[in-house]
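What follows is a pair of complexes built around chain A, which joins chain B in one and chain C in the other.
Moving on to the complex of A and B:
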């Protein structure tokens, strides 16, 4: 049986008349068990590999994709419903042969791996149609927990952006999806849009030889998610306004758009399935100010699984005239505010650079270099230094490099939302 | 969270730790619900709860479900976590506001005020049914020092232990020949000094318990001010009032007919300024006026009281209060005026009069915790004089 804890990190003291309350809530899950085996229902897994013509240019990509799918099938637990799908101009079943899902066992695994080995490439990239096919397949089974890997090397073709958006909207809430792009011809924003909506991750596989290990890790993680579906429930008092609810670790994701209004004061945010892990959420609420000395609850933050509250964190507001208290900056809130700004600065800086707006790009990537330096994001600093020359990280002084490898730029872009954890303090 | 399990959550029964503010199982608020001084049950005293003594219903004796059920601001339901489910207001706990009415002639109120997040004041009272014969009352007020965390626990422990000590001391004295004159005064000063020492020991006990709990949670970083509080106590007997104080909580005698007087002299920098010739008004406005020069606490250089003995030769009120009250009515005459006003406004019992005074302080801003304890003295007619 999974158990959750919720710890709140905040400075609850507000100066007279102040209204904005910020808190970081660390939610941790233990005892999650294995996917499909914790009594919550079956788990279902779909592997979708891009088999468009470009996957054979060079052929190493297609070879690696076959091997990666092979390894992924090894990792899918017996008893899990699964299918393997080829994406090209439309989507075709690789295994099973009919549009359906089968329960994994030794025989199905061997058969599926044989069909995967025989996959040939050809055709175009139509990601929207692929998502539709995956959704339809998942809808043929009553599984409680549905997860897909989507691998592509290219960008959406033969479909309008609206068609892709519609496919994403239709898939939202039906399955979770981790997206991987191989090579440098795919579009980070496109896959990020999918993975954001489908509660997954997006990452770059720079060279085909990294694909096998990556797929293995994704399926392992998926199989370790014994909690099928958990929601973050946020209560805020009458007369208040939820400014944002944002996941801030392990990655930055603004959850505000995912809110489902449950009652006038309660919203729920889907968080997908959980393994033994912890995630941090930054909650910001504007509350009606109360007289100095008053204490109000600014938010109740609860983790809900099957309508059962698993853990609860209280975000408080205490109005005070003691400036020693009200001016204290909570390190977790400050750190994660910076991490969210870092992701924004990188994404917008890279976009400006692409558009030729060097001035904006320099300012934003400089800001990113400073935050990454201050926040201890060493990996990000390393990736940034391939795109800009960091002259002074303390002030954020950078110069754009003249020659930047596309892969370096994409690596920086995809990693922009990965955060480093704040150094822990005692929960209050 | 670290820490040894000390008791069960009053809401759901799960194990909780001393350091927990909320129950990890149900999220219930433990700060208000757990008896703050539950581990501080007085030991080593005679059974002081026998008739004819009536101890004030302090929060130690209160049932554990201490919160109101409806929000005082919007009428919303109160969640098990202690906050309103509609507007989020924190429901007051018994520690935030309580009254004691041990007898019809004794009443007291302890209130968080408006500006402070916690009520660090405390009081403890007891009284016989009347002041006639061997009747008496004990009033103790302690004001926890806000800058030191956990002073709310220290003040409550100090007040209760001192009250219990004085109850026992007066009772024991009744079983021996009643001393008179100078001997009586000497004896009563001894009670008071001992009661103050007992209160000091209680504060140190709280300090050690908190330090032990903190040490179990991990290495202690930085220096934390030890919990500390002021002390003022009164033993009201027929014809005689003995008071003792340490710090700036005060005792007053407000006769119906005659001059209202402050019996205590604050141990504060303001007092020192007054002693040097500054007017009271100016001295109490100085920025360091509230810096106390004596207090109870493990770091206190002088945890000893001054004492005063007053003849109660006419009807009137004995009033003890913390600075949250006298900040808004510093002179004895002003306080006497507030008491008269409360009676004129229809307050009939000492407790309702005390509530009225606390409401006045809150109306003025409630910048500090407010404690008022009152005993009504009806004068000499009912009891023959004991002293020549």
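Moving on to the complex of A and C:
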């Protein structure tokens, strides 16, 4: 049985007349067990591999994809419902042969691996249609926890953006999807849109030989998620406004758009399935100001599994005229505010660079270099330094490089949302 | 099902915090909104009825939770001020005075605010504003805090050190704070352009790093805080015997103004 804890980090003291309350809530899950074993229902896993013609240029990509799928099948636990799908101009079943899902056992694993080894490439990249096929497959089984891996090397070209958006909207809430791009011809924004909506991750596989290890890690993680579906429930008082709810660690993701209004004062945010892990959420609420000296509950943040409250964190507001108290900024809130700005600065800076707006790109990437340096994001600083020459990280003075490898730029883009954790003081 | 009534009159299923407005249940309702808010440390109202917040026979302190006499002005346990909502005072060596109070006689500390041409060369030349001619003014320090900033009537920011002409100063820029043991420190309040502290008599040279926002940095007498495009604030201890002259500004051979 999984247990959750929630710790709140905030400065609850507000100056007179102020109304904005910020808090970082760390939610940790232990004893999650394994996917499909927690009694909540079956787990289902689909491996979706791009087999369009470009995967054979060079052929190392297709060879690596076959090996990666082979390893992924090894990692899927017996008893898990699974299927392997090839994506090209449409989507074809690799295993089982009919559009359905089967329960993993030794015989199915061997058979599936043989069919995977025989996959050949050819055709176009139509990610929207692939997502539709995966959704229909998942809908044939009553599984509680549905997860897919999407591997592609190209961008959506034979469908309109509207078709992809519709497919993403249809898949939202049906399954979770981790997206991986191999090579340099795919579009980070496109896959990020999918992984954001489908509660997954997006990452770059720079060279085909890294694919095997990556697939193994994704399936292992998926199989360790014993909590099928958890939601973050946020209560805020009457007359207040939830400004945003953002996941800030391990990655930055704005959850505000995912809110489901449960009652006038309660919203729920789907967070997908959980393994033994911890995630940080930044909650910002505007509450009606109260007189100095009074105290209010500004938000109640709960983790909910199957309508049961697993953990609760209280965000408070106390109005005071003591500037020593009200001017303090909680280190966790400050750190994660910076991390969210960092992700924005990198993504917008790279977009400006692509459009040839060097001035904006220099300012934004300079800001990113400063925040990454201040926040101790060494990995991000390293990736940034391949795109810009960092002259002074303290002031954010950078110079755009003339020649930048596309892969370096994509690596920076995909990793922009990964955050480093703030150094922790003891929770109060 | 048990319901609880919050101080605002809502019915709540949660025994601790009102389901509707978030008020703590079982603690006194908020203080009358007519209470003074701007004058920190003002004398408490003589009328004990201003606290009229007691439920039953005790008044729960909203700072430490201890029970108090219903007409108490301060919490017996932690010293929380029920009238102003100010947190427990640290033991202040002098009676707190309103910022505007005029105190006769010399104060223990004062600050010298000056236009610093060297600082302007390092930091202010980018502001596209010409450096004003050199000048300085010494202000007495009353109380234990000195707010540095720019006056804003809309935001009710009235700093003791008002650098209204310096374009690089934030409204609430930095604060000098005296600890109970008498030692001063400087705190940056999240200013746009940062605050720079030189604690000893060292000359101003690059590279300079701004102090961490919200982190007090010790500021002994003679220490200087540089802010904005050309402003320098020096702390002077008037109790120091004249043998050690009060001018804390170091000799600055580079400045020609």
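As a convention for this text, the second predicted complex is superposed on the first by the 428 of 428 C-alpha atoms of A that agree within 3 Å, B and C clash if a C-alpha of one lies under 4 Å from a C-alpha of the other, contacts with A are read in each partner's own complex, and residues count from 1 in each chain.
Note that in this section a contact is a pair of C-beta atoms (placed from the backbone, for glycine too) under 8 Å apart; a residue touches a chain by one contact, two chains touch by 3 or more.
Computed from a prediction, not measured in an experiment: that's the story for all the values here.
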item	value
Room on chain A for both chain B and chain C (clash or fit)	clash
Partner chain(s) touched by A:106 [first = chain B, second = chain C, both, neither]	neither
Contacts of A:312 with chain B and chain C, given as first, second, both or neither	first
Per-residue touch tally on chain A - higher for chain B or for chain C	C
First (chain B), second (chain C), both or neither touched by A:118	neither
Partner chain(s) touched by A:297 [first = chain B, second = chain C, both, neither]	both
Contacts of A:239 with chain B and chain C, given as first, second, both or neither	both
Partner chain in contact with A:162 - chain B first, chain C second, else both or neither	neither
Which superposed partner A:320 touches (first chain B, second chain C, both, neither)	both
Chain C clash site on chain B (candidates 132-140, 312-320 or 366-374)	366-374
Shared contact residues on chain A - chain B and chain C	235-240, 265, 287, 290-298, 300, 314, 317-318, 320-321
Complex interface listing, chain C residues touching chain A	17-24, 27, 30-33, 35, 37, 40, 62, 82, 84-87, 145, 147, 172, 175, 177, 187, 189-190, 207, 209, 213-214
For the chain B and chain A complex, residues of the former touching the latter	1, 21-22, 24, 27, 74, 76, 79, 81, 83-90, 112-117, 217-218, 366
Contact footprint of chain B on chain A as seen in their complex	5, 235-240, 265, 287, 290-298, 300, 312, 314, 317-318, 320-321, 426-428
Residues of chain A touching chain C in the complex	13, 16, 235-240, 265, 287, 290-298, 300, 314, 317-325, 327-329, 334, 394
